[in-house]
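Chain nomenclature is as follows: A, B, C and D, assigned in order of appearance, with residue numbering initiated at 1 for each chain independently.
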Amino acid sequence: MSVKVRYFAWVRERIGKPEEEILPPASVTTVGGLMDWLAGRGEEYAYAFENRNVIRAAIDRAHARPDTAIKDAREIAFFPPMTGG
Amino acid sequence: MSVKVRYFAWVRERIGKPEEEILPPASVTTVGGLMDWLAGRGEEYAYAFENRNVIRAAIDRAHARPDTAIKDAREIAFFPPMTGG
Amino acid sequence: MIPTVRLQREPFDAAAETALLTRGRSDIGALVTFTGICRGDEAGEPIAALTLEHFPGMAEAEIERHVADAKERWPLTGVTVIHRHGRIEPGDGIVLVVTASSHREAAFAAAEFLMDFLKTRAPFWKQVERADGTSWIEAKKTDDAAADRWTRTAARREAAE
Amino acid sequence: MIPTVRLQREPFDAAAETALLTRGRSDIGALVTFTGICRGDEAGEPIAALTLEHFPGMAEAEIERHVADAKERWPLTGVTVIHRHGRIEPGDGIVLVVTASSHREAAFAAAEFLMDFLKTRAPFWKQVERADGTSWIEAKKTDDAAADRWTRTAARREAAE
(Lines give C-alpha, C1' and ligand atoms only; values in the text may rest on other atoms or scores of the structure.)
Protein backbone atom coordinates (compact mmCIF):
# COMPACT_ATOMS: atom_id res chain seq x y z
CA MET A 1 0.00 0.00 0.00
CA SER A 2 1.40 3.39 -0.91
CA VAL A 3 2.15 5.97 1.74
CA LYS A 4 2.98 9.67 1.59
CA VAL A 5 6.38 10.62 2.98
CA ARG A 6 7.36 14.19 3.80
CA TYR A 7 10.80 15.64 4.41
CA PHE A 8 11.71 18.81 6.32
CA ALA A 9 14.73 21.09 6.74
CA TRP A 10 18.05 19.52 5.68
CA VAL A 11 16.46 16.11 5.14
CA ARG A 12 14.27 17.79 2.51
CA GLU A 13 17.24 19.63 1.02
CA ARG A 14 19.38 16.50 0.78
CA ILE A 15 16.64 14.40 -0.82
CA GLY A 16 15.70 17.30 -3.06
CA LYS A 17 11.94 17.19 -2.63
CA PRO A 18 9.43 17.99 0.11
CA GLU A 19 7.25 14.91 -0.31
CA GLU A 20 6.51 11.85 -2.41
CA GLU A 21 4.31 8.79 -2.56
CA ILE A 22 6.25 5.57 -1.97
CA LEU A 23 5.41 1.88 -2.03
CA PRO A 24 7.76 0.03 0.30
CA PRO A 25 7.81 -3.81 0.25
CA ALA A 26 5.76 -5.70 2.82
CA SER A 27 8.98 -6.56 4.69
CA VAL A 28 9.28 -2.90 5.78
CA THR A 29 7.16 -2.70 8.93
CA THR A 30 8.74 -0.05 11.19
CA VAL A 31 9.94 3.55 10.97
CA GLY A 32 13.54 2.31 11.28
CA GLY A 33 12.98 -0.28 8.56
CA LEU A 34 11.58 2.42 6.30
CA MET A 35 14.67 4.58 6.88
CA ASP A 36 16.89 1.63 5.88
CA TRP A 37 14.83 1.03 2.75
CA LEU A 38 14.78 4.73 1.79
CA ALA A 39 18.56 4.99 2.33
CA GLY A 40 19.02 2.32 -0.37
CA ARG A 41 17.05 4.25 -2.99
CA GLY A 42 19.96 6.40 -4.21
CA GLU A 43 22.78 8.72 -3.34
CA GLU A 44 20.61 11.60 -2.16
CA TYR A 45 18.66 9.30 0.18
CA ALA A 46 21.85 7.69 1.50
CA TYR A 47 23.16 11.18 2.25
CA ALA A 48 19.93 12.27 4.01
CA PHE A 49 19.87 9.15 6.18
CA GLU A 50 23.64 8.76 6.66
CA ASN A 51 23.39 9.45 10.39
CA ARG A 52 20.12 7.72 11.13
CA ASN A 53 20.34 8.32 14.90
CA VAL A 54 19.68 12.02 14.54
CA ILE A 55 16.69 11.70 12.18
CA ARG A 56 13.30 12.13 13.83
CA ALA A 57 10.04 10.81 12.45
CA ALA A 58 6.32 11.44 12.77
CA ILE A 59 3.43 9.23 11.73
CA ASP A 60 0.23 11.07 10.91
CA ARG A 61 1.65 14.15 12.67
CA ALA A 62 2.57 12.50 15.96
CA HIS A 63 6.16 11.76 17.02
CA ALA A 64 7.24 8.18 16.28
CA ARG A 65 10.27 6.09 17.23
CA PRO A 66 12.42 3.80 15.06
CA ASP A 67 10.52 0.77 16.39
CA THR A 68 7.06 2.27 15.79
CA ALA A 69 5.01 0.18 13.36
CA ILE A 70 4.09 1.94 10.10
CA LYS A 71 1.01 -0.19 9.48
CA ASP A 72 -2.04 2.00 8.73
CA ALA A 73 0.13 5.15 8.42
CA ARG A 74 -1.21 7.61 5.89
CA GLU A 75 1.67 10.04 6.18
CA ILE A 76 5.21 9.56 7.48
CA ALA A 77 7.55 12.52 7.98
CA PHE A 78 11.33 12.60 8.46
CA PHE A 79 13.22 15.60 9.80
CA PRO A 80 16.23 16.70 11.87
CA PRO A 81 15.95 17.43 15.61
CA MET A 82 13.70 20.43 16.08
CA THR A 83 15.10 23.90 16.73
CA GLY A 84 12.07 26.14 17.11
CA GLY A 85 11.05 28.21 20.07
CA MET B 1 22.87 58.17 72.79
CA SER B 2 19.47 58.66 71.23
CA VAL B 3 18.39 56.68 68.18
CA LYS B 4 15.50 57.02 65.76
CA VAL B 5 13.12 54.07 65.65
CA ARG B 6 10.58 53.55 62.88
CA TYR B 7 7.58 51.27 62.81
CA PHE B 8 5.75 49.88 59.79
CA ALA B 9 2.43 48.15 59.00
CA TRP B 10 0.70 46.65 62.06
CA VAL B 11 3.68 47.35 64.32
CA ARG B 12 3.13 51.04 63.53
CA GLU B 13 -0.61 50.71 64.06
CA ARG B 14 -0.25 48.99 67.42
CA ILE B 15 2.29 51.47 68.75
CA GLY B 16 0.27 54.36 67.33
CA LYS B 17 3.09 56.29 65.69
CA PRO B 18 5.38 55.87 62.68
CA GLU B 19 8.61 56.92 64.41
CA GLU B 20 10.18 58.40 67.52
CA GLU B 21 13.53 59.24 69.09
CA ILE B 22 14.40 56.97 72.02
CA LEU B 23 17.21 56.83 74.54
CA PRO B 24 17.65 53.21 75.68
CA PRO B 25 19.94 52.46 78.64
CA ALA B 26 23.51 51.35 77.94
CA SER B 27 22.57 47.78 78.92
CA VAL B 28 20.54 47.48 75.70
CA THR B 29 23.08 46.40 73.10
CA THR B 30 21.26 44.23 70.54
CA VAL B 31 18.14 44.37 68.37
CA GLY B 32 16.53 41.71 70.57
CA GLY B 33 17.45 43.61 73.73
CA LEU B 34 15.89 46.74 72.27
CA MET B 35 12.66 44.84 71.55
CA ASP B 36 12.56 43.68 75.19
CA TRP B 37 13.14 47.19 76.41
CA LEU B 38 10.52 48.70 74.05
CA ALA B 39 7.97 46.03 75.06
CA GLY B 40 8.24 47.29 78.64
CA ARG B 41 7.39 50.89 77.75
CA GLY B 42 3.61 50.49 77.87
CA GLU B 43 0.58 48.53 76.78
CA GLU B 44 0.78 49.53 73.11
CA TYR B 45 4.44 48.46 72.92
CA ALA B 46 3.76 45.21 74.74
CA TYR B 47 0.99 44.51 72.18
CA ALA B 48 3.22 45.35 69.20
CA PHE B 49 6.01 43.11 70.46
CA GLU B 50 3.86 40.37 72.00
CA ASN B 51 5.07 37.79 69.47
CA ARG B 52 8.67 38.88 69.12
CA ASN B 53 9.60 35.97 66.84
CA VAL B 54 7.61 37.38 63.93
CA ILE B 55 8.96 40.94 64.19
CA ARG B 56 11.67 41.82 61.68
CA ALA B 57 14.18 44.61 62.12
CA ALA B 58 16.47 46.76 60.01
CA ILE B 59 19.43 48.88 61.09
CA ASP B 60 20.19 51.82 58.82
CA ARG B 61 18.00 50.23 56.14
CA ALA B 62 19.66 46.80 56.08
CA HIS B 63 18.05 43.67 57.53
CA ALA B 64 19.21 42.87 61.06
CA ARG B 65 18.79 39.89 63.39
CA PRO B 66 17.89 39.80 67.09
CA ASP B 67 21.55 39.32 67.97
CA THR B 68 22.77 42.18 65.75
CA ALA B 69 24.53 44.90 67.79
CA ILE B 70 22.83 48.29 67.75
CA LYS B 71 26.00 50.24 68.50
CA ASP B 72 26.43 53.13 66.02
CA ALA B 73 22.91 52.64 64.59
CA ARG B 74 21.33 55.89 63.48
CA GLU B 75 17.96 54.38 62.60
CA ILE B 76 16.35 51.12 63.69
CA ALA B 77 13.12 49.89 62.10
CA PHE B 78 10.65 47.25 63.29
CA PHE B 79 8.03 45.66 61.06
CA PRO B 80 6.09 42.45 60.35
CA PRO B 81 7.30 39.88 57.76
CA MET B 82 7.18 41.49 54.35
CA THR B 83 4.34 40.82 51.91
CA GLY B 84 5.17 42.82 48.79
CA GLY B 85 5.74 41.57 45.27
CA MET C 1 -10.31 28.99 29.95
CA ILE C 2 -9.73 28.64 26.21
CA PRO C 3 -6.06 28.90 25.28
CA THR C 4 -4.92 30.81 22.23
CA VAL C 5 -2.53 28.89 19.95
CA ARG C 6 -1.50 30.49 16.69
CA LEU C 7 1.13 29.99 14.01
CA GLN C 8 1.71 32.98 11.79
CA ARG C 9 4.12 34.58 9.39
CA GLU C 10 3.37 38.10 10.68
CA PRO C 11 5.00 39.73 13.75
CA PHE C 12 3.05 39.48 17.01
CA ASP C 13 2.29 42.20 19.54
CA ALA C 14 3.00 40.88 23.04
CA ALA C 15 1.18 43.80 24.69
CA ALA C 16 -1.97 43.26 22.61
CA GLU C 17 -1.93 39.54 23.43
CA THR C 18 -1.57 40.04 27.17
CA ALA C 19 -4.27 42.72 27.08
CA LEU C 20 -6.62 40.25 25.36
CA LEU C 21 -5.82 37.61 27.95
CA THR C 22 -6.28 39.81 31.03
CA ARG C 23 -9.08 42.16 29.96
CA GLY C 24 -11.95 42.32 32.44
CA ARG C 25 -10.38 39.65 34.65
CA SER C 26 -9.78 39.87 38.40
CA ASP C 27 -8.68 36.28 38.99
CA ILE C 28 -5.18 36.71 37.58
CA GLY C 29 -2.53 37.36 40.21
CA ALA C 30 0.51 36.46 38.13
CA LEU C 31 1.21 36.95 34.45
CA VAL C 32 4.39 35.61 32.85
CA THR C 33 5.34 36.57 29.31
CA PHE C 34 8.19 34.95 27.45
CA THR C 35 9.34 36.40 24.16
CA GLY C 36 11.96 34.59 22.09
CA ILE C 37 13.75 37.12 19.91
CA CYS C 38 16.00 36.70 16.88
CA ARG C 39 19.50 37.72 17.96
CA GLY C 40 21.96 39.44 15.64
CA ASP C 41 24.51 36.70 16.16
CA GLU C 42 24.56 32.92 16.21
CA ALA C 43 27.50 30.95 17.59
CA GLY C 44 29.43 34.20 17.81
CA GLU C 45 28.96 35.13 14.14
CA PRO C 46 26.71 37.94 12.89
CA ILE C 47 23.60 36.85 10.99
CA ALA C 48 21.30 38.62 8.54
CA ALA C 49 18.14 36.71 9.45
CA LEU C 50 16.59 33.43 10.52
CA THR C 51 14.13 31.51 8.40
CA LEU C 52 11.83 29.16 10.26
CA GLU C 53 10.50 26.13 8.45
CA HIS C 54 7.64 24.25 10.09
CA PHE C 55 5.40 21.22 9.61
CA PRO C 56 1.91 22.70 9.25
CA GLY C 57 -0.73 20.75 11.11
CA MET C 58 1.73 18.85 13.28
CA ALA C 59 3.17 22.07 14.76
CA GLU C 60 -0.26 23.25 15.95
CA ALA C 61 -1.14 19.76 17.22
CA GLU C 62 2.08 19.46 19.24
CA ILE C 63 1.68 22.90 20.79
CA GLU C 64 -1.96 22.26 21.64
CA ARG C 65 -1.06 18.92 23.21
CA HIS C 66 1.50 20.57 25.48
CA VAL C 67 -0.80 23.46 26.35
CA ALA C 68 -3.42 20.88 27.42
CA ASP C 69 -0.73 19.10 29.45
CA ALA C 70 0.27 22.39 31.13
CA LYS C 71 -3.38 23.08 32.02
CA GLU C 72 -3.55 19.70 33.75
CA ARG C 73 -0.33 20.22 35.67
CA TRP C 74 -0.95 23.77 36.91
CA PRO C 75 -4.03 25.85 37.82
CA LEU C 76 -3.78 28.24 34.88
CA THR C 77 -6.29 30.98 34.19
CA GLY C 78 -4.92 31.81 30.74
CA VAL C 79 -2.44 30.61 28.11
CA THR C 80 -1.36 32.11 24.79
CA VAL C 81 1.25 30.59 22.48
CA ILE C 82 2.17 32.24 19.18
CA HIS C 83 4.96 30.88 17.01
CA ARG C 84 6.10 32.55 13.82
CA HIS C 85 7.48 30.94 10.68
CA GLY C 86 9.19 32.37 7.61
CA ARG C 87 11.94 34.98 7.58
CA ILE C 88 12.65 36.83 10.84
CA GLU C 89 15.25 39.58 11.24
CA PRO C 90 17.38 40.35 14.32
CA GLY C 91 15.40 42.12 17.02
CA ASP C 92 12.07 40.61 15.91
CA GLY C 93 10.05 38.15 17.97
CA ILE C 94 10.01 34.44 17.07
CA VAL C 95 7.78 32.99 19.78
CA LEU C 96 5.47 34.33 22.46
CA VAL C 97 4.26 32.36 25.49
CA VAL C 98 1.92 33.99 28.00
CA THR C 99 0.73 32.17 31.11
CA ALA C 100 -1.63 33.46 33.79
CA SER C 101 -2.49 32.03 37.18
CA SER C 102 -3.59 33.23 40.59
CA HIS C 103 -0.05 32.63 41.92
CA ARG C 104 3.38 33.11 40.41
CA GLU C 105 4.76 29.58 40.86
CA ALA C 106 2.24 28.08 38.41
CA ALA C 107 2.65 30.87 35.85
CA PHE C 108 6.46 30.61 35.86
CA ALA C 109 6.52 26.81 35.77
CA ALA C 110 4.00 26.56 32.94
CA ALA C 111 5.82 29.13 30.81
CA GLU C 112 9.14 27.29 31.24
CA PHE C 113 7.50 23.94 30.57
CA LEU C 114 5.91 25.20 27.35
CA MET C 115 9.17 26.76 26.15
CA ASP C 116 11.17 23.61 26.88
CA PHE C 117 8.70 21.57 24.83
CA LEU C 118 8.42 24.09 22.02
CA LYS C 119 12.21 23.89 21.69
CA THR C 120 12.36 20.11 21.51
CA ARG C 121 8.99 18.73 20.33
CA ALA C 122 7.33 21.33 18.11
CA PRO C 123 8.34 20.75 14.46
CA PHE C 124 10.14 23.98 13.61
CA TRP C 125 13.62 24.29 12.13
CA LYS C 126 15.77 27.40 12.12
CA GLN C 127 17.95 28.25 9.16
CA VAL C 128 20.54 30.97 9.57
CA GLU C 129 21.11 33.46 6.78
CA ARG C 130 24.61 34.95 6.67
CA ALA C 131 26.39 37.14 4.16
CA ASP C 132 28.07 34.02 2.74
CA GLY C 133 25.14 31.61 2.63
CA THR C 134 22.68 29.68 4.77
CA SER C 135 22.98 26.88 7.31
CA TRP C 136 20.70 24.96 9.66
CA ILE C 137 20.96 25.51 13.40
CA GLU C 138 21.82 22.35 15.31
CA ALA C 139 19.66 21.22 18.20
CA LYS C 140 21.17 21.77 21.63
CA LYS C 141 21.60 18.96 24.14
CA THR C 142 20.78 21.45 26.90
CA ASP C 143 17.30 21.88 25.40
CA ASP C 144 16.69 18.13 25.54
CA ALA C 145 17.87 18.10 29.16
CA ALA C 146 15.56 21.01 29.96
CA ALA C 147 12.55 19.22 28.47
CA ASP C 148 13.56 16.01 30.17
CA ARG C 149 13.31 17.44 33.69
CA TRP C 150 9.50 17.71 33.32
CA THR C 151 9.26 14.05 32.37
CA ARG C 152 11.42 13.03 35.31
CA THR C 153 9.28 15.13 37.65
CA ALA C 154 6.17 13.39 36.33
CA ALA C 155 7.80 9.97 36.69
CA ARG C 156 8.85 10.71 40.27
CA ARG C 157 5.38 12.01 41.08
CA GLU C 158 3.78 8.85 39.70
CA ALA C 159 6.26 6.62 41.51
CA ALA C 160 5.43 8.37 44.79
CA GLU C 161 1.68 7.83 44.45
CA MET D 1 23.82 47.24 31.28
CA ILE D 2 22.20 49.69 33.69
CA PRO D 3 19.15 48.17 35.40
CA THR D 4 15.99 50.19 35.94
CA VAL D 5 14.64 50.09 39.52
CA ARG D 6 11.68 52.28 40.37
CA LEU D 7 9.13 52.63 43.15
CA GLN D 8 6.05 54.57 42.22
CA ARG D 9 2.48 55.28 43.17
CA GLU D 10 1.32 55.44 39.53
CA PRO D 11 0.40 52.44 37.35
CA PHE D 12 3.15 51.06 35.09
CA ASP D 13 3.01 50.14 31.43
CA ALA D 14 4.70 46.77 30.91
CA ALA D 15 4.80 47.20 27.12
CA ALA D 16 6.48 50.61 27.37
CA GLU D 17 9.06 49.23 29.82
CA THR D 18 9.95 46.23 27.66
CA ALA D 19 10.14 48.50 24.59
CA LEU D 20 12.60 50.75 26.46
CA LEU D 21 14.67 47.75 27.46
CA THR D 22 14.83 46.11 24.02
CA ARG D 23 14.92 49.15 21.70
CA GLY D 24 17.76 49.04 19.19
CA ARG D 25 19.19 45.85 20.72
CA SER D 26 20.10 42.67 18.85
CA ASP D 27 21.78 40.81 21.73
CA ILE D 28 18.55 39.82 23.49
CA GLY D 29 17.35 36.32 22.65
CA ALA D 30 14.99 35.86 25.60
CA LEU D 31 12.77 38.35 27.37
CA VAL D 32 10.79 37.35 30.46
CA THR D 33 8.16 39.66 31.91
CA PHE D 34 6.48 39.00 35.22
CA THR D 35 3.50 41.13 36.25
CA GLY D 36 2.01 40.74 39.72
CA ILE D 37 -1.61 41.83 39.59
CA CYS D 38 -4.10 42.70 42.36
CA ARG D 39 -6.69 39.92 42.40
CA GLY D 40 -10.35 40.56 43.25
CA ASP D 41 -10.22 38.05 46.09
CA GLU D 42 -7.90 37.23 48.96
CA ALA D 43 -8.17 33.99 50.89
CA GLY D 44 -11.42 33.27 49.05
CA GLU D 45 -13.11 36.56 50.05
CA PRO D 46 -13.77 39.46 47.66
CA ILE D 47 -11.71 42.58 48.25
CA ALA D 48 -12.14 46.23 47.25
CA ALA D 49 -8.44 47.08 47.00
CA LEU D 50 -4.95 46.55 48.37
CA THR D 51 -2.91 49.31 49.97
CA LEU D 52 0.85 48.82 49.90
CA GLU D 53 2.91 50.43 52.62
CA HIS D 54 6.67 50.53 52.10
CA PHE D 55 9.88 51.66 53.78
CA PRO D 56 11.25 54.37 51.46
CA GLY D 57 14.97 54.16 50.96
CA MET D 58 15.29 50.63 52.27
CA ALA D 59 12.90 49.26 49.61
CA GLU D 60 15.01 50.68 46.75
CA ALA D 61 18.24 49.54 48.43
CA GLU D 62 16.98 45.96 48.89
CA ILE D 63 15.75 45.72 45.30
CA GLU D 64 18.99 47.16 43.93
CA ARG D 65 21.01 44.74 46.05
CA HIS D 66 19.12 41.76 44.62
CA VAL D 67 19.28 43.07 41.06
CA ALA D 68 23.08 43.34 41.45
CA ASP D 69 23.10 39.79 42.84
CA ALA D 70 21.05 38.54 39.84
CA LYS D 71 23.49 40.23 37.45
CA GLU D 72 26.35 38.34 39.07
CA ARG D 73 24.55 35.01 38.96
CA TRP D 74 23.29 35.14 35.36
CA PRO D 75 24.50 36.72 32.09
CA LEU D 76 21.70 39.30 31.87
CA THR D 77 21.49 41.91 29.15
CA GLY D 78 18.70 43.89 30.82
CA VAL D 79 16.70 44.14 34.05
CA THR D 80 13.74 46.31 35.02
CA VAL D 81 11.99 46.19 38.39
CA ILE D 82 9.06 48.48 39.18
CA HIS D 83 7.12 48.16 42.42
CA ARG D 84 4.08 50.25 43.23
CA HIS D 85 2.91 51.49 46.62
CA GLY D 86 -0.33 53.10 47.76
CA ARG D 87 -3.85 51.96 46.86
CA ILE D 88 -4.19 49.40 44.04
CA GLU D 89 -7.51 48.05 42.76
CA PRO D 90 -8.26 44.56 41.44
CA GLY D 91 -6.93 44.07 37.92
CA ASP D 92 -4.17 46.64 38.34
CA GLY D 93 -0.47 45.78 38.38
CA ILE D 94 1.50 45.76 41.65
CA VAL D 95 4.95 44.75 40.49
CA LEU D 96 6.77 44.36 37.19
CA VAL D 97 9.99 42.40 36.68
CA VAL D 98 11.57 42.24 33.21
CA THR D 99 14.73 40.22 32.56
CA ALA D 100 16.60 39.88 29.28
CA SER D 101 19.39 37.53 28.31
CA SER D 102 20.76 35.83 25.23
CA HIS D 103 19.21 32.54 26.39
CA ARG D 104 15.97 31.70 28.14
CA GLU D 105 17.35 29.79 31.14
CA ALA D 106 19.04 32.89 32.55
CA ALA D 107 16.07 35.16 31.89
CA PHE D 108 13.59 32.78 33.58
CA ALA D 109 15.86 32.04 36.55
CA ALA D 110 16.64 35.71 37.20
CA ALA D 111 12.96 36.73 37.03
CA GLU D 112 11.99 34.02 39.53
CA PHE D 113 14.91 34.86 41.79
CA LEU D 114 13.97 38.55 41.85
CA MET D 115 10.31 37.80 42.54
CA ASP D 116 11.14 35.38 45.36
CA PHE D 117 13.30 38.05 47.01
CA LEU D 118 10.85 40.87 46.41
CA LYS D 119 8.24 38.77 48.22
CA THR D 120 10.40 38.06 51.26
CA ARG D 121 13.10 40.74 51.60
CA ALA D 122 11.78 43.98 50.11
CA PRO D 123 10.04 46.05 52.82
CA PHE D 124 6.48 46.24 51.50
CA TRP D 125 3.33 45.32 53.38
CA LYS D 126 -0.06 44.64 51.85
CA GLN D 127 -3.23 45.74 53.58
CA VAL D 128 -6.53 44.38 52.29
CA GLU D 129 -9.53 46.66 52.02
CA ARG D 130 -12.88 44.91 52.32
CA ALA D 131 -16.44 46.19 52.63
CA ASP D 132 -16.23 45.62 56.40
CA GLY D 133 -12.76 47.04 57.13
CA THR D 134 -9.08 46.49 56.57
CA SER D 135 -6.57 43.80 57.54
CA TRP D 136 -2.89 43.01 56.92
CA ILE D 137 -1.97 40.11 54.69
CA GLU D 138 0.12 37.50 56.45
CA ALA D 139 3.44 36.37 54.99
CA LYS D 140 3.37 32.93 53.40
CA LYS D 141 5.76 30.18 54.40
CA THR D 142 5.87 29.06 50.77
CA ASP D 143 7.41 32.42 49.84
CA ASP D 144 10.19 31.94 52.39
CA ALA D 145 10.81 28.45 51.04
CA ALA D 146 10.92 29.82 47.48
CA ALA D 147 13.51 32.45 48.43
CA ASP D 148 15.45 29.90 50.44
CA ARG D 149 16.11 27.65 47.43
CA TRP D 150 18.43 30.30 45.93
CA THR D 151 20.47 30.46 49.13
CA ARG D 152 20.76 26.70 49.25
CA THR D 153 21.87 26.62 45.61
CA ALA D 154 24.55 29.19 46.40
CA ALA D 155 25.68 27.26 49.47
CA ARG D 156 25.91 24.03 47.49
CA ARG D 157 27.84 25.79 44.75
CA GLU D 158 30.30 27.21 47.23
CA ALA D 159 30.70 23.88 49.00
CA ALA D 160 31.50 22.22 45.67
CA GLU D 161 34.24 24.72 44.83
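Here is the rule we use: a contact is a pair of C-beta atoms (placed from the backbone, for glycine too) under 8 Å apart; a residue touches a chain by one contact, two chains touch by 3 or more.
Nothing here was measured: the structure is a model prediction, and the numbers come from that model.
Using the mean of the Cα atoms as each chain's centre, the chain most removed from subunit C is B. Remark: subunit A and subunit D have CA centroids separated by 48 Å (rounded to whole angstrom). One inter-chain figure worth recording: subunit A and subunit C are separated by 26 Å, centre to centre, where each centre is the mean of the chain's CA atoms. Those residues of subunit D in touch with two or more other chains are numbered 36, 115. None of the residues of subunit B touches two or more other chains. Screening every pair of chains for touch gives A-C, B-D, C-D.
In the complex of the two chains, the subunit D residues touching subunit C come out as 14-15, 18, 22, 24-41, 90-91, 102, 104-105, 107-108, 111-112, 115, 142, 146. Subunit D meets subunit B in the complex at residues 36, 52-55, 57-59, 61-62, 83, 94-95, 115, 118-127, 136-139, 143.
Those residues of subunit A that touch subunit C in the complex are listed here as 6, 8-10, 58, 61-63, 77, 79-85.
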